[in-house]
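My structure is below; once you've seen it, I'll send some questions.
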Amino acid sequence: MNLQNLDRRIIFAVLLIAVASAFLFPRPLHIAVEPPVQMAYDTLNKLQPGDRVLMAFDYGPSTMPELQPAALAILRHCFQRKVKVVFFTLTNEGLPMIADALSQVAVPLDEKENVDYVNLGFKWGGLTGSSVIEGLGSNMQAVFPVTIKGTAYHDVPLLHDVKNFSDFKALISFSAGTPGINEYIQYANARYHIPIVGAVTKVTAPREFPFLNSGQLAGMCAGLVGGAEYEELIDHPGFGMSGLFALSIAHLVVLGCIVAANIIYFFGRRQSSR
Amino acid sequence: MLVDYFFPRTPVIHGTREIFLNWGRIAVTFAMILGLINLLFSNFKKVMLQSRGWIYNLILLVSFAVTFYFSVPYHTIVKDGAVTTLKGTDAGTVGFQIFMNVYTPLSATMFALVAFFIASVAFRAFRAKNIEALLLLLSAAVVMLGSVPLGDAWFAALHLDSVFGTHNLSWLSNFVQSVPMSAAQRAINLGVAIGMVSMSIKILGGIDRSYFGGE
Amino acid sequence: MPPVLDHATVFVAMIVLCAIILYYTFKTTAGKLPKLRTIAGLSAIDEAIGRATELGKPALFISGLSDIDNIQTLAALSILSYVAQKAAEYDTPIIMPNVYSVTMVTAQEVVREAHLRAGRPDTYRPDNIYYVSDEQFAFVAHTSGLMERERPAANFYMGSFFGESLILAETGNATGAIQIAGTAETAQIPFFVVACDYCLIGEELYAASAVLSQDPRQLGSIKAQDVVKLLIFAVMIIGCVSETFGAHFLMNWLGGS
Amino acid sequence: MSHDPWVWIAAFLTLAIFSFLYKDNVFYKIAEHIFVGVSGAWLFATYFQSDIVEDMLMKSFPHFFHRTEAPNYITLGGGVIGLIILLRMVPGFSWLSRWGIAFVIGFQTGLQLFSAINAYILIQVRAALVSLFVPRNIGLTIRNWLQAGGTFTSLSYFYFSKEHKGAFGVLTRIGIWFLMISFGAAYGSTVMTRMSILIGRVYFLLSTWLGVVRA
């Protein structure tokens, strides 16, 4: 048998089994919390019961494994602090993400819709979302006259005396691209000075570091790892934690493939040169 | 467009740009109708002729029809005297359920196949046959190890940190990405941009018309 | 959003670039064509079509996952024009599934013209160039299935690709096809480089259509691109040296701090 | 184990796509054709609702939708371009569709020409201008040499007017090394994102569907 042309289905099977067993037999990983995540946690931990925050779910199913862990952990943290949450999204794909977060966190914690949280739904704000963000800064009711369930804005107790960004303590952006966190920094933070906390995908994280350094971002979770770190901070392990273990295992499988391929290659070359 | 860039604060011109972008989006929807007619017609033909595998073409037509029926129309709901209009794609409709439980898993699973191919390519193509291949696989391995907590944990377990201090694997991975990788990518981007400018000028000047079918 | 430079700077740069490109484009005549280095992926096109012909299998062409408004797609269709002509001469069918209907329509024109040039208008099959879905992964699901069933012997991936690049390239590899890719998407180049037989890297995609056409004006435009690069080399050397000695005039002109 | 029939549908489709890794089969073919059908109809529904109905018809004929704002007929322009593209299907008028396509190409080419010069040429060149000697900081000096040298040599690979031979060949060879390091690093850094999508699907199967893993 020629190992150099190993049936690739064997590799597929190894990877699938490795990932599945990582979930079935999880091992606790020692997670060091990075400063950006700690900053995010500290910012939200300072909130008082009754304070309000905005949550923007600007991502869809394809980036869900990366961003949902952070979203769930941060939402749970807010509810633990008795902070009231207003949801919206600038992308149509964000709606199911909000629905999923609510069913996983708000429903089990028995939070009341329209009192403890409200979902304003989706609004197209142009390619950069600027028209919606500007609107939220000046007159929120004009942008979202009704909630996603069709309740009129003034009939929602939570929104009773809410006019614009100044009635919120923070804007939390779960962002997969544009429109997303950079637009909130550019329009909402620069003009209305609302603190921005964010969760972004691992690949887009490097370009956000300058904003963390300049203080335009008050904290950030990057990818699944960031989500796992936040879970560690609120002491509620979830998908982020178990996912991170699976992720490490998957990386090892890929590295193993590279190592195995090279060993086989050198061994084969020696034999043929003889 | 060029005019818009140089006079961005002129409201009339800026408005024109918005209008053009808007027209573009509307035109795309009409263009999609053209594609859908092509798709439905060719599948219908195969079903009618009962050509090889026609049953799958029928499955395609049926799933299109079912989704179309549930998601395209607007529904008016009267509840407690209040009238709300729901789109067939809004949360809570059957169309939305199809999106969440048919479209989304299909799309995500298709995307997930990439993970398997990443592993199979690692086995097939990352062999140190020459210097180029060696550099390729070394930088890949460093960045991969540096991006999961395991890499630095091993680094510490081997007591390498007593020699290198904070210059651990995640430091090295960041260095590789921010220096040689960004330098090479800058060169690629420069080349791409120059090629793009020259291609644009050829198109705007009518020098390259091959995409139009020659003439 | 990248930082926006002073408009005067951009304006000057644009005038200079356009002037260089137009000058060389119109100066070059059939008499003295510029000598260019060989581009590995291009010489392989004939070989790939030839092999498909030997095996009696079709060739597969994908013009990327962007609409016609992306310049990469236009570059891809230029290459298609050459590939389709070669394939028509050898009487090998080209299959081309599409993500966008306008690309499909344009590609049909391109292939029809190519068959006319090859003198084989009778073998043109518009049904082989068809629309699949605007959705990225539905298109990929269809195309992967197609590769397994039709087993094309030559696969061309030209244009802009995204997360799906590796699915196409690895499925194609498993079916034993010769694969030639070309993209200017920086994030996908690595996948094509490792998984395909040949890959046009970045700018090579744009240069390809000019080289394939052997049209003096188009070749002149490549000469112009090289002159622009010489200019950039000069700016880099002067800039780095002057930065070393603490003179920041170039940096300031480019809007740096 | 889930009792929701929608979850079972999603699980079936997930497994059907994964089965392609073994080989092409009936289940994959079913899933593939469902995907093409459903995605076509669903995307059309969202485009139709947001672009044709809300952006075009509602703005042009507001009274018809019981709205009070003034009609804005300009949005109909997108519809006109769209119809021109559709004329392709009418024999004898297909030449007109070229005009619709030409509009889209011309518009976008102008747009891209501009951003290419600004973002990809000037700003990239600027980033490559670094000081080649930083007093009392050897680390930064080396870093800057790698930055500038990497860009310079990699760009020389894209110089077409000269064969890669002699002294120029050495330069391009180093350029290729930088390109290879960058490809390896880019590959390594995407592993994480791609793997997390696979992990999301496996988690769906084990937790949402089978319920053997608790969050």
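Every chain is named by a letter (A, B, C and D) in the order it is written, and numbering of its residues begins at 1.
Here, a residue touches a chain if its C-beta (ideal position, glycine included) is under 8 Å from a C-beta of that chain, and two chains touch if they have at least 3 such contacts.
Fair warning: this is a prediction, and the values are worked out from it, not measured in the lab.
Enquirer: Give the fewest steps needed to get from chain A to chain D, where each step moves from one chain to a chain it touches.
Expert: 1
Enquirer: Using the touch rule stated at the top, which two chains are linked by the largest number of C-beta contacts?
Expert: B-D
Enquirer: Go ahead and note the Å separation of the Cα centroids belonging to chain C and chain D.
Expert: 16
Enquirer: Averaging over Cα atoms per chain, report the distance between chain A and chain B in Å.
Expert: Those two chain centres are 19 Å apart.
Enquirer: With centres defined as the mean C-alpha position, give me the chain A-chain C separation in Å.
Expert: 36
Enquirer: Using CA atom averages as chain centres, what separation in Å is found between chain B and chain D?
Expert: Taking the mean C-alpha position of each chain, the two centres sit 3 Å apart.
Enquirer: Return the residues of chain A touching two or more other chains; collapse runs of consecutive numbers into ranges.
Expert: Within chain A, the residues that touch at least two other chains are 8, 12, 15-16, 62, 64, 92, 202, 247, 250-251, 254.
Enquirer: Which parts of chain C, given as residue numbers and ranges, touch two or more other chains?
Expert: Where chain C meets two or more other chains at a single residue, that happens at 10, 17, 67, 69, 71, 74, 102, 105-106, 132-135, 137-138, 141, 163, 186, 189, 191, 194, 201-203, 207, 222, 225, 229, 232.
Enquirer: Going by the contact rule already set, what residues in chain D reach two or more other chains?
Expert: Counting only residues that touch two or more other chains, chain D contributes 17-18, 20-21, 29, 31-32, 35-36, 39-40, 43, 46, 85, 88, 104-105, 107-109, 112, 114, 117, 121, 125, 128, 148, 151-152, 155, 157-158, 179, 182-184, 186-187, 189-192, 194-195, 197-198, 200.
Enquirer: Name, in rising order, each residue of chain D that touches chain A in their complex.
Expert: 18, 21-22, 46, 50, 189-193, 195-200, 202-203, 206-207, 212-213, 215
Enquirer: Help me check something: in the complex, which residues belonging to chain C touch chain B?
Expert: That would be residues 7, 10-11, 17-18, 21-22, 25, 67, 69, 71, 74-75, 77-78, 81, 98, 100-102, 104-106, 109-110, 112-114, 117, 127, 130-138, 140-141, 163-164, 166-167, 169-170, 173, 184, 186, 189, 191, 194-195, 201-203, 205-207, 209-210, 213, 217-218, 221-222, 224-225, 228-229, 232 of chain C.
Enquirer: State the interface residues of chain C toward chain D in the complex, per the touch definition above.
Expert: Answer in residue numbers: 2-5, 9-10, 13-14, 17, 34-39, 67-71, 74, 102, 105-106, 132-135, 137-138, 141-142, 144-145, 148-149, 163, 186-187, 189-191, 193-194, 201-204, 207, 222-223, 225-226, 229, 232-233, 235-236, 239-241, 243-244, 250-251, 254-256.
Enquirer: Help me check something: in the complex, which residues belonging to chain B touch chain A?
Expert: Its residues touching chain A are 21, 79, 82, 84, 89-91, 96, 99-100, 104, 107-108, 111, 115-116, 118-120, 122-124, 126-129, 137, 140-141, 144-145, 147-150, 153, 177-178.
Enquirer: Using the touch definition from the top, list the residues of chain A that touch chain B in their complex.
Expert: 6, 8, 11-12, 14-16, 29-32, 61-62, 64, 92, 95-96, 99, 121, 127, 146, 148, 150, 202, 206, 225, 244, 247-248, 250-255, 257-258, 260-262, 265
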